[in-house]
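Each of the next two complexes has chain A plus one more chain, namely chain B in the first and chain C in the second.
Now for the complex of A and B:
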């Protein structure tokens, strides 16, 4: 498990680097090398590490540990075939962690990022609709059961495509430079992570790498099923390419527009799940 | 935190993780306990590694007074 955990962290960072490079190439910019996010993580480890005088020291440091810890837990739940609900509970915890990052620093930019994190919680509602649709068909929320169901009947991606789109949108809202990435938009510097630098930022980057791997693997496991290891990595790459196209071609939405669009999508998903529940 | 302290804390966390791995492989402890050790230990290892690597000791940053 330890080598796989380290691999997942570095591969997740590599995927984020590929995402960034692709956005740049689509926009006809050279862009950074694909291993830039790995270099970022190492670079921040070299930087001086201080805690701002206005920060709440305990929260400022502990929130970094919690961020890495919860995604490590999500990773283990996923690879051991545990409950999908635990992974989504951890996803919700991540919103609280973002909030903690922003509020612990004492910086207004961080606080704005933290507040926007709460606003963007609207993006989690379609996620729960995905869970309902999966539960209606498979009769279970254990990942091992969902994989077994798909081995018999085929990928859920073709059975409940709208639920897959809902989860895709949730992943889209968490990738950098996405139309829904209001917590990190440029007008608030780096949002909730503005004041976390040095080792604290390196820890946050580690969390981001692991989080990307876990979310992509969740999508593949829940909507495509069991794949060989190389197949998983290639599918992740394809998902990242599609995400990069969306991010490169769509402008970043204002917080109000972001929440409005996500709420409309949520409404559509609720009608879809009601339809599945009655006629499915 | 002194650089030497960060180094020894990092080594301690790594040793505990490897020990948990060995105990799990031999069936002495259940797998969930081994994974719980990793969930608690991995974040600590990452931060102590970084602190040992480069962190300097110094005063806090210039206080941000707000707008």
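Now for the complex of A and C:
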């Protein structure tokens, strides 16, 4: 399991690098090499590290460890076919981690990133809607049961496409340069991660790589079902290509617009789930 | 839906009150525990404010009495969250949830700013109103099934609980867990004290996450 965890982290970083490269090419820029995110992580691992004088020291360091810890837990839950509800919980708790990153340093940029993280809670509700739709159809929230259900009846992607779109939007809200990426937009430098540098940033990049892999694998497992390993990697790549197109072609929204659009999407999804619950 | 968060693997019985640990409740409990330890161990940060119109900045310090009170409230909030995560009783869940609401009011209200205290007052009213559907939901569960045990409620042998109960419980939790939004509204984040503000957000999020499991089980 540990080699797979390491693979997932580095492959997730590679996917983020591909995402970045694709956005650049779509916008007719050369862009960095696709392994840039891996190089970043390695570079930060060996740079000098300290804690800002104004920071809450224990919290400043702990959030990095918690970030890695929760996504490692999500990875194990996913691989062992545990409850989808736990992955949902971990995804939502990542918001608290972002909040912790932002507030712990005392920096105004980090603070605004953290505050934006709290107010963008609307982005999590489509995930709950997606989980609810899956529960209505499969009668279970265990990932192993969901895979078995799809082996019998075919991918849920075709049965409940709007729920799949909801999860896709949730993943979209978490990728860099997304229209909904208000927590780390450029007017607040790097948002919640502005003051975490050196080893702390390396830890954060590691978490981001693992998070990307887990979210993409969750989408594939829940809406497509069991695939051969190479099939999973290729599907992840396809998802990243589609995400890169959305990110490259859509402007980054202001916090107000981002929350408004996510709330509207949530409303539509809630109506869809109510419809499924009554007529599905 | 039985075992939405995985099958329980450990029960702790205190008379007729049963606490149970499933993979889901244990995960949430551990997170509440970790952040409570962080609240105990952390000192608040000193926030930087840029002075506009000058090449200068200032830092904000938090006074010792205020820090002590907010830390006490944050620890109490962490303990209440832990209780709400693992309890196997609907009434106890409501009780812990309302305690989380009260502690969140305390964390917010301790900040010496008129705007923040106004927000705390409004939030307190919402939390107070939230207890009505919350305990009302629990009362209807007891009235229709004769039990408040989540384990018994998840069995199919009991009469079905009216659907409105689920709405009441969610509405109650929304009332109690609104603190982060009120804190954002009052720009409470401009006040130093990251560990305490985070406990405010975390506890609200945790009760939201637990009520999903509760609603699926009743």
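Convention: the second predicted complex is superposed on the first by the 280 of 280 C-alpha atoms of A that agree within 3 Å, B and C clash if a C-alpha of one lies under 4 Å from a C-alpha of the other, contacts with A are read in each partner's own complex, and residues count from 1 in each chain.
Keep this in mind: a residue touches a chain if its C-beta (ideal position, glycine included) is under 8 Å from a C-beta of that chain, and two chains touch if they have at least 3 such contacts.
Remember, predicted model here, so these are calculated numbers, not experimental data.
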- Quick one: classify A:128 as touching chain B (first), chain C (second), both or neither. second
- Check the residue A:198 against both partner chains and state whether it touches chain B (first), chain C (second), both, or neither. first
- Task: Look at A:58 in the shared chain and tell me whether it touches chain B only, chain C only, both, or neither; answer first, second, both or neither.
- Result: second
- Touching A:209 in the superposition: chain B (first), chain C (second), both, neither? neither
- Message: If you tally the residues of chain A touched by each partner, is the higher count for chain B or for chain C?
- Response: C
- Message: According to the stated criteria, A:140 is in contact with first (chain B), second (chain C), both, or neither; which is it?
- Response: second
- Task: In the overlay, answer first, second, both or neither for which of chain B and chain C A:95 touches.
- Result: second
- Message: Per the contact definition in the header, classify A:17: touching chain B only (first), chain C only (second), both, or neither.
- Response: neither
- Quick one: classify A:83 as touching chain B (first), chain C (second), both or neither. second
- Task: Using the touch definition from the top, say if A:113 reaches chain B (first), chain C (second), both or neither.
- Result: neither
- Overlapping contact positions on chain A, where the chain C interface meets the chain B interface: 53-54, 66, 73, 106-108
- Note: in the complex, chain B contacts chain A through residues 17, 21, 31, 34-35, 38-40, 42-44, 46-47, 49-51, 53-56, 58-64, 66-67
- Message: Quick check on the complex: what are the chain C residues that touch chain A?
- Response: 1, 3-6, 23-24, 27-28, 31, 34-35, 38, 41-50, 59, 180-181, 183-184, 189-190, 192, 194-195, 197-198, 201-202, 205, 208-209, 212-213, 216
- Message: Help me check something: in the complex, which residues belonging to chain A touch chain C?
- Response: 53-60, 62, 66, 70, 73, 77, 82-83, 85-86, 88-90, 92-93, 95-96, 99-100, 103-108, 111, 114-115, 118-119, 121, 128, 135, 139-142
- Item | Sites on chain A touched by chain B in the complex | 1-2, 5, 44-54, 61, 64-69, 72-73, 76, 80, 106-108, 198-199, 202-203, 206
